[in-house]
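Dropping the structures in below, format is structure tokens.
Both complexes below contain subunit A, partnered by subunit B and then by subunit C.
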Partner chain A sequence: MSAPTGGSAAAHSFLSRFEGLKSRLPGAAAPREAAAASFAAAGLPGRGLEAWKYTSLQPMADASFHEPFSLLAPCEELLALVPPPALALDAPRLVFRDGRLRADLSNPPDFFSSFSTAPELDADPRPLVALNTMLAEDGAVLDLPAGVDGGTLLLIHLASDLHGQPTAAHPRHIIRLGTGARLDLVEICVGTGCYLHNPVFRISLAANAALSHVRLQDESTAGFHLASIDVSAGAGALYDGFTFNAGSRLGRAETIATLAGPGARIHLDAAQLLRGRQHGDITTIIRHAAPHGASRQGVRHVLDGHARGVFAGRIEVARGAQKTDGYQMNQALLLSPDAEIDCKPELEIFADDVKCSHGATVGELDADQLFYLRARGVPAATARLMLIRAFLDDAIEGLEDPAVRATLAHVVDQRWSEPAL
Partner chain B sequence: MSTLRIEGLHARIGDTEILHGIDLVVPAGEVHAIMGPNGSGKSTLSYVLSGRDGYEVTAGRALLGEQDLLAMEPEARAAAGLFLAFQYPVELPGVGNANFLRTALNAVRRARGEEELDAVRFLKLARAAMKSLAMADDMLKRQVNVGFSGGEKKRNEVLQMAILQPSLAILDETDSGLDIDALKIVADGVNALRGPQFSALVITHYQRLLDYIVPDRVHVLANGRIIRSGGPELAAELEAHGYAQIVAEAA
Partner chain C sequence: MAAVTETLDTVRDLTQSGYKWGFETDIEMDLAPLGLNEDIIRLISARKGEPDWLLEWRLKAYAAWLKMEEPAWAKLSHPPIDYQALHYYAAPKKKPGPKSLDEVDPELLRTYEKLGIPLKERAILAGVEPDPDRPPMAVDAVFDSVSVATTFRETLAKAGVIFCPISDAVREHPELVRQYLGSVVPAGDNYFAALNSAVFTDGSFVFVPKGVRCPMELSTYFRINARNTGQFERTLLIAEEGASVSYLEGCTAPQRDENQLHAAVVELVAMDDAKIKYSTVQNWYPGDADGRGGIYNFVTKRGACRGARSHISWTQVETGSAITWKYPSCILLGEASVGEFYSVAVTNNHQQADAGTKMIHIGANTRSTIVSKGISAGHSNNSYRGLVKIMPRAAGARNHTQCDSLLIGESCGAHTVPYIESRNPSARVEHEATTSKISEDQLFYCRSRGMSEEESVGMIVNGFCREVLKELPMEFAVEAQKLLAVSLEGSVG
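Moving on, here comes the complex of A and B:
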């Protein structure tokens, strides 16, 4: 019997990796086999799927992804890619290399355990989650008991190709906050060369818990970043998510956030700075399943060269979710005539007493503002950067931790000063 | 030395010629006023000299000292010593005034081969300049011109001028919208720079400003041409008789 191919060279390489690896993967075999069967049947998600209308995985379909060599590989060069203000954070840190924990580089907090010691795998038919379920070897499991303030935690993911060959990492992160628990998670993804980073997050917040989750996706511009994030917020809980995309050739973060208890709050703010031929997709579904919930989404894109930004944001309000307050705003700055933004807001409202608004703007850098700066002696390139930063700062300034704001500002300057692909 | 020399300058916006041949010399150390009715081309002249997009120079030239202004990028003109106080200062949401001023100053200093100022030295300089312009310290923390009153915007222009120390300043109706106290402060700001290394082109509608910044020469611009030039008394004549008579005489 021949192994199923899943259609593309990439899918085939994942399935053969599973065949070779499965006897050594931690945990029960059944959910992995089920995920493999589902992934083999579906293959990589194609544009026929509504959720993938604006993002094609064709650029990675022909690549064969290899097993990374990550447990002993030197990491100094990759760690040097992490913005200095983040490394200076006085916080415990988890460093993953190619999807596996590097204990030698980490100082975990006591609420951490490794996914590999007791894998919890649920059935989720979405192709990228199934791919992760099939191959996840490790990840951060963060269990905060009721009332505990976990402070700040740095979650760093390092990745690289292997002697020019693409590699793939599928970490599985599980975060559970007990009643009233708090955590500020700062996640940073960097790397070099071509690889796939396909993380899955399972996040559940009990009543009145609060998680701040800042994601800095600063992957290699030859790499692929495909994140699937599921959030469930209980009564009065807050998920305060902020994603910043500056890296990867093709990046996508799909977040499905459910306001499961009354008075839950979800923030899914995001910003991206894309240049050259980068493609960045922010896809979100916010499900208001309980009354008195509030969700907020401010998304800002700065798109240069031939870059393409996608924002697909869907807000669903269930019949019983009265007094829901939903706000969504998508703003794009196009720096070149070849840059492109696709925006798809969707509201699906089954309750009658709700307040939901959404809006979108698309513009260019303001010629009068540029001239004003240049007339004061500021060189054109610096003037453009100042205006771009001002546009992004509007999104960034809501972040509480100054070190986190400095981290993002550092990345903006860094990315803007290097030549685009 | 930084004499401004404008010769036979014709400029158009799209298909419409606005400046029909301007000849003007402002020697170093002198302050000249340009007066004229609305729509005569005063702002157009200031924008052409400072390098704003959208204007096509079809004939003539403009030199600052030996430098061919019209061939330079706007930022190079600023570095060469040109400063335009805008008739309508531009708001820069998200850009802090202190960051803006320091970036501008250091860009200009770098281009002039001078060393850059660190934050401490810059703040000292900025605070001193603000004090002499009777500006509140919190102005530095605000976003550039955002939520500023008309008078605050104009004062912010003069602050930028005081900090950048140009050799040629063009003030485009910096007096409009100012009450008499603010007008005096602005005039003091300009007069403080006066000296052999500084010249100015003061564009104004009213004689009032010229009571405080006494010009060496006054020029009347109408329909894209300088139709009369004279001493400070010309401003008083215009104030008394209006532009209609002079424009009619010139036609």
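Moving on, here comes the complex of A and C:
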């Protein structure tokens, strides 16, 4: 292989790390070499790509990311960042530190195995996925046999910088539910300092399986979170995804969900609360590849300070995916004159017997509602918070587990009470 | 059973007429040599007797165009266009710009008669042919590269309105043309606008002075006739403070197996309290049922609401062209200015359309409305692509967008690609889009009342488009409805 390139200092640091690490990485070398070549050629995705029109990785391009040194590092401080209602959940728990499983902090369920024991890598050319393929060391492999109810599982990711130097973690999680299997996955990402968390999820659901996947991205506001989530739902299967973004300086979750079997259902709800100079990008592609599928998507943004929210959601209906029902709603509250929202709700439809709709609204807090509260003696700041909470609650209240709702509510209060960056 | 007979007749009429504007006029043409280079641009400029500044402007645009690449982001696919295989100038052999209608080649007059375009100013004025359905309308007829006739110029001049071919305007009102040409769509704005700026041959110029309400509808009728030519017209319309004008353009082309290029630029300028209503019935030859032939329509249309409370409204019915690429836009600069976009785009057979609008809100309290209705049938693809951008100073801006797509048949595609960017918290932006097919219930209802399937579809489609059609000047709304029926024929059953 030729000398590492990749354009930016960050890309260079990833490629150098691969050169140093490759003999020790688990699994076959060929897919990783191929991913490295592809990443070296492409570099970090730039704004020239339509999929990155509104999100620039420039803020991380000049950083040099170091290998985390965390197998034995203490985690108490980081665990204390996890909202108490989540820690109180009576459920098996997987704790990852900087992309590696910490067995000492975890009590895994029996359907768990470590990615590092038998890595499954694929040839996905998207730059961030290639980066993950190149460097993934660990991750959760969850294999639920047919008919098994896996209950609730807590997946915690902790990350930090290393003596002030940025670090990077690239965990790869693989989740497979057999026919009729069920699992409620609650994922929480927290950390301190500057780091990159670049997880890749490969999720496949067999017929009539049901996965609820709640993601709480509450990373350090100096950190970067770039998640790539691929979902394939078989006949009658349900993927019920909910993402809440409150953390990171620059966060992006790109979900590609395919309704592969007839009658599959996909929910991709999301909410984000961004302040200071935070940037949050929710990018989704929902592919209706089989008939009688239904997809639902509600996305809410609350943007304060200089925050910038991005939503790019595409619903694709393939030829033959008749009787598809697709619905998408994107709503944004801009709280400050310097906040910005960019959205692109897109429909691409090749079948005639379908019902697809999307809507988007952008605006500020309703002056009438504020007046109503003020007229009843509620102080302005409280009134604003009440309305913001109500706006986010509409997104959160669809979640079934009260502990999960309490977790998210805790984060909203916590983030709102902090001074913004 | 008179009703049944009538129904059968209607259906037969519809199915046999096809593209009834597809004839070719046999007329002697003055053609520039094939290809595009600086000499061709000098030749066009010389033929039109243009001043040096305009030639320089064209050459600068040409230099910019050479450095640009054809845009590839639209959901369109076509074989590469050979820009060297076209005639960039084609004019009927007769001295251009006849002084009166009597001087116009009778063959041309017959052509326009066949197209149903009234170039008979005097007949109407003299009351010889009183036609209550057609109120007087001034028409500028552009045939290939030149304007062949402009009616009612004198009547309009009395009101202070200038309505003439843009090549006349360059000679007679150079200061106005120089001030406004390229001020909304700069010469290097995009690939097709740059090409147009380099080689544009004719088009209409409208100037409505301060406080004048244009006394009649203005209209331009574009006709591509010659083989292997491209049409590159340029329209410039200026409404000064408090002025108002309604303008309509129509277009057709002969039926041929080859593809022809049409790359127009339209610039609108509205000052304080001015109002411009710009309507288009686009009916270029769409190609045959197998996708052979048809016009490639790459158009840049943009209006600048420069003054406070100015108002620009785009209304369009797009049924023609093999490929449509157009995004009529409004730059809402003046405080409380208003932009509107009402569009019906129909694609059938192998037509492709990637069209939409841009509303750029710069001034405070600016408002925009977008209503787009896309209908896809056959093997066609129809995309709405739009941008609503709220700049930081646009406090209190409002936008409402409604995009509906209707699919007829299982081999077509309908796509919606809206971009919404807001940088002001007090702005409110709303976007709704739906995609559906004609419901079985609606069809059953019509069929059970004795309507044929085709008629039923026609009626349902007209209902679907009503919000847009009602924005058209009345007589054109009727024409547009008929056009919709013809465009969709063969798409059911």
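The rule is short, and it goes like this: the second predicted complex is superposed on the first by the 418 of 421 C-alpha atoms of A that agree within 3 Å, B and C clash if a C-alpha of one lies under 4 Å from a C-alpha of the other, contacts with A are read in each partner's own complex, and residues count from 1 in each chain.
The rule is simple: a contact is a pair of C-beta atoms (placed from the backbone, for glycine too) under 8 Å apart; a residue touches a chain by one contact, two chains touch by 3 or more.
Note that the structure is a prediction, hence the values are computed from the model and not measured.
Asker: By the touch definition at the top of the document, which applies to A:K344: first (subunit B), second (subunit C), both, or neither?
Answerer: Only subunit C; A:K344 stays clear of subunit B.
Asker: Applying the document's definition of touch, where does A:C356 land relative to subunit B and subunit C: first, second, both, or neither?
Answerer: Touch partner of A:C356: subunit C, not subunit B.
Asker: Would you check which partner chain A:D393 touches, where first means subunit B only, second means subunit C only, and both and neither mean what they say?
Answerer: In the superposition, A:D393 contacts subunit B only.
Asker: Using the superposition on chain A described above, determine whether A:V378 touches subunit B (first), subunit C (second), both, or neither.
Answerer: Only subunit B is touched by A:V378; subunit C is not.
Asker: Counting touched residues of subunit A, say whether subunit B or subunit C comes out ahead.
Answerer: Of subunit B and subunit C, more residues of subunit A lie in contact with C.
Asker: If you stack the two complexes on chain A, which partner ends up touching A:F69: first (subunit B), second (subunit C), both, or neither?
Answerer: Neither: A:F69 stays clear of subunit B and subunit C.
Asker: Taking the contacts subunit A makes with subunit B in one complex and with subunit C in the other, which residues are shared?
Answerer: In subunit A, no position sits in both the subunit B and subunit C interfaces.
Asker: Taking the touch rule as given, give the residues of subunit B at its contact with subunit A in the complex, in rising order.
Answerer: The touching residues are 50-53, 73-75, 77-79, 84, 86, 89-95, 99-100, 103-105, 107-108, 111, 160, 164.
Asker: Can you tell me which positions in subunit A touch subunit B when the two form their complex?
Answerer: It is residues 367-369, 371-380, 382-383, 386-387, 389-391, 393-394 of subunit A that touch subunit B.
Asker: Enumerate the contact residues on subunit C facing subunit A in the complex.
Answerer: Interface residues on subunit C, with respect to subunit A: 73, 390, 392, 405, 407-437.
Asker: What residues of subunit A sit close enough to touch subunit C in their complex?
Answerer: Touching subunit C: residues 50, 319-320, 322, 332, 334-364 of subunit A.
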